[in-house]
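One chain, chain A, appears in both complexes that follow, with chain B as partner in the first and chain C in the second.
Moving on, here comes the complex of A and B:
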């Protein structure tokens, strides 16, 4: 009986994200709390709601603003759960993300950062115009499992090979993802990156695939 | 220096909503929902209120033209594709250098903790606004060229086609960008962020308006279909 009721509440969490309904999400999370549903299950329902939308992203049914509306609602839901999740944070995968030095464009990085955070990664966002040394120090300090580098300009993008080389020298198992308008798959490979996401839609799949390759020491 | 704010107001009201929605993927009469509509309206109003659209341009004579580059007083445009385009321009000809910006003030409406949707819509509206500002600056030099009996190609920005982004500095050599509060960094990035720099060719006869006319690549930035006839 309880599991039926719990399932119903978790479905309503998932639906509230899909319908970007913040009020409904708050009510459902309150109800989930009353029914003592574990935080991990609520989080999973939140992510499932977004995942459903992500598959339809960029179709006429799901323009990017509509997806972002749900991403923001999911983010609010995660914030409500955050105190209960403190103990889980230590288990989350640490990601360092930033835009390379000289590049002020932060929007793409902000979207990716929220997608990582909304998907359970522990995100350390270094912002824009990040010097090479700041990336290296942050990877070391946060013991980053993933480093996500962004550049929207072909001239600033040319710093990526150096960052990748230096990070790999101190932390060979850190998975390095690159993205941004001037990049493509071949460039990403030639820079020595472990993965490349052409857009926000693919960033989670590509990160997971890159993590598997690095862990299995497979060549990309 | 060209100040374009009064014209931009009319354009913003008349065009920006449709252009932004189309870019965002709202087509075939699909409309954004109320939440998105509300932020979009707010962002259009805020970008207009806080933007300071302005531009600058100069017409520079072409000193020399060869297969690889167009040489002007501010510097060489090293691009075989643009050189070929210039070769199709006949009679009296010149190069236009232009910069347009809306400033950075629109960003003051955004906070660090704002939703991604709000950041995204403000950025999209600001990008369209600077594009509109560039169109208005372009109209000014097109009118000037026309008054001299000259025709013009489309405008092109550094990084287009085979023209290296680092050649951005040629445009800044030709114009005093400080007059409109624009600077270029050592990485060839323009500050304010929402700034457009470009060049165009003007001549008595223009054989093609873009290098795409004789380029067979099916690239995403293609502006016109291949159209050069045999022997051209």
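Moving on, here comes the complex of A and C:
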């Protein structure tokens, strides 16, 4: 009986994310708390809601504006759960993410950052116009397993090879993902990145594949 | 407009307003030109006329879409290029001589319209200008309705582009077709609020966004009229958000489509041609054609309803002229040989029967080596 009720609440959490309904999500999280549903399960429901949308992103069913609104609602849900999740942080994979120096465009980075956060990564979002040294210091300080670099301008994109070279020198196992409009797969490879995601639709799969390659020391 | 008036206009170094020439006359001229093109080299104007009337010219025209990258020829910084129209037009005209091509883009950077509305803009020395997103003009959704209409005479950056057009036409009237890119109303708002917020506002506060788009469109129409007054024959509205990577199709048609129609109608009323630029992922060709009836569409990615270029040609080839779609990352990283091979593929897919201009999918990367721009022009000659 309890599991039935719990399932119902978790479904409503998932639905609230899909319908970008913040009020409904708050009510559902309150209810989940009353029913003592573990935080990990609520988080999983939030993630399920996003996963459902992510796979349909850029289709007529899930255009970008609606996806962005759902991400906002999901983010609010994660924030509410964050204090309960503090103890889990040590187990999450640390990701440092940011837009390279000189580039103010944060739309793509924000989407990827929130997808990582929703998928169980511990995200350290450095924002936009991040100097090279700030990336290096942050990777060191947070012991990042993943560094995600974004650039929407071809001029600023040229900092990526230097960042990648310097990060690899201090932390060879850190997986470096790159993305942004002026890039493609071949350019990402030529920069020395470990992975490239063309859009948010495949970013998790590409990150996992890159982590496997780096861990197995396979050539990309 | 009679044939003698057309010839008179050409003698004066001006392209006659194409909208004033009856279709049957244009078709006759295009057929004649195409026939002549099989025997001798055509001029830029003839080449473009033939292809845009869906006849094959001597070879496909090329629009290298070089903007800021031309500053490399004069040693100017990005900042100088953005702020001084003389620097920008001198670099452009030099580029036309050195690199060639049939079309020269006119513009300073993507912030022109938004900065005239009062958006603080940052002009780095070594990168393209961008809005100061930490200080957006539209801070929340209530600011949309507060956006004030501006007079063109008090819009210095748009005036600079108008000045560039005048100078380009005066100095190089018939040696190329000069095309200014005009931002779409939603793109202008995105510069004053950020794309992410504008996208969300389109769902949450559509009436407010529409009110601001109306204000912006009024100013854009004044701007377009001033550009047409200089004697330009093609205007390129940048409709970036009519794509899967922008708004959903339904939302675009509801929100920006009607303003796009208004803009296209003004351009057509001025007897000029509409060449939409859209470098978004999965552009909505069907919506853009329906709302704006463009004579040409410049694109980077395939439309949302086509699986390859051949399908694109079959579906839309008789409705508009394609401008594109060599990948810009390739121009950045590719060897001349790779670029040449890619150009050949694009030409093979799209050039048959005319209605095609070889070009990059988006502006030529501003810091890329210009050698691949020369390759684009050469590829059009060799394979086109």
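Quick note on the criterion: the second predicted complex is superposed on the first by the 220 of 220 C-alpha atoms of A that agree within 3 Å, B and C clash if a C-alpha of one lies under 4 Å from a C-alpha of the other, contacts with A are read in each partner's own complex, and residues count from 1 in each chain.
Definition applied: a contact is a pair of C-beta atoms (placed from the backbone, for glycine too) under 8 Å apart; a residue touches a chain by one contact, two chains touch by 3 or more.
Keep in mind that this is a model prediction, so the values were computed, not measured.
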Checklist line | Room on chain A for both chain B and chain C (clash or fit) | finding: clash
Next item on the list: May I ask you to decide whether A:72 touches chain B, chain C, both, or neither, giving the answer as first, second, both or neither?
Entry: both
Check: Between chain B (first) and chain C (second), which does A:6 come into contact with in this model arrangement: first, second, both, or neither?
Finding: neither
Note to self: I'd like to know which partner A:64 touches here: chain B for first, chain C for second, both or neither.
What the structure shows: both
Notebook entry, point to check: For A:207, is the partner it touches chain B (first), chain C (second), both, or none of the two (neither)?
Noted result: neither
Item checked: chain B versus chain C as contact partner of A:199, first or second or both or neither -> second
Next item on the list: State whether A:104 touches chain B only (first), chain C only (second), both chains, or neither.
Entry: both
Item checked: Touched partner set for A:184, first chain B, second chain C, both or neither -> second
Notebook entry, point to check: Touch check for A:153: first (chain B), second (chain C), both, or neither?
Noted result: both
Check: Given the touch rule stated above, what does A:114 touch, chain B (first), chain C (second), both, or neither?
Finding: first
Checklist line | Contacts on chain A seen with chain B and repeated with chain C across the two complexes | finding: 58, 60, 63-66, 68-69, 72, 102-105, 107, 110, 153-156
Check: Which positions of chain A touch chain B when the two form their complex?
Finding: 20, 58, 60, 63-66, 68-69, 71-72, 75, 101-105, 107, 110-111, 114, 153-156
Item checked: Residue ranges of chain C touching chain A (in the complex, touch as defined) -> 78, 122, 124, 126-128, 130-133, 194-196, 199-200, 202-204, 244-251, 281-282, 327-330, 332-333, 365-368
Check: Touching chain C in the complex: which residues of chain A?
Finding: 58-60, 63-66, 68-69, 72, 102-107, 110, 128, 153-156, 158, 182-184, 186-187, 190, 199
Notebook entry, point to check: So in the complex, which bits of chain B are touching chain A?
Noted result: 24-28, 30, 32-33, 35-36, 115-117, 119-121, 123, 159, 165-166, 185-189, 191, 193
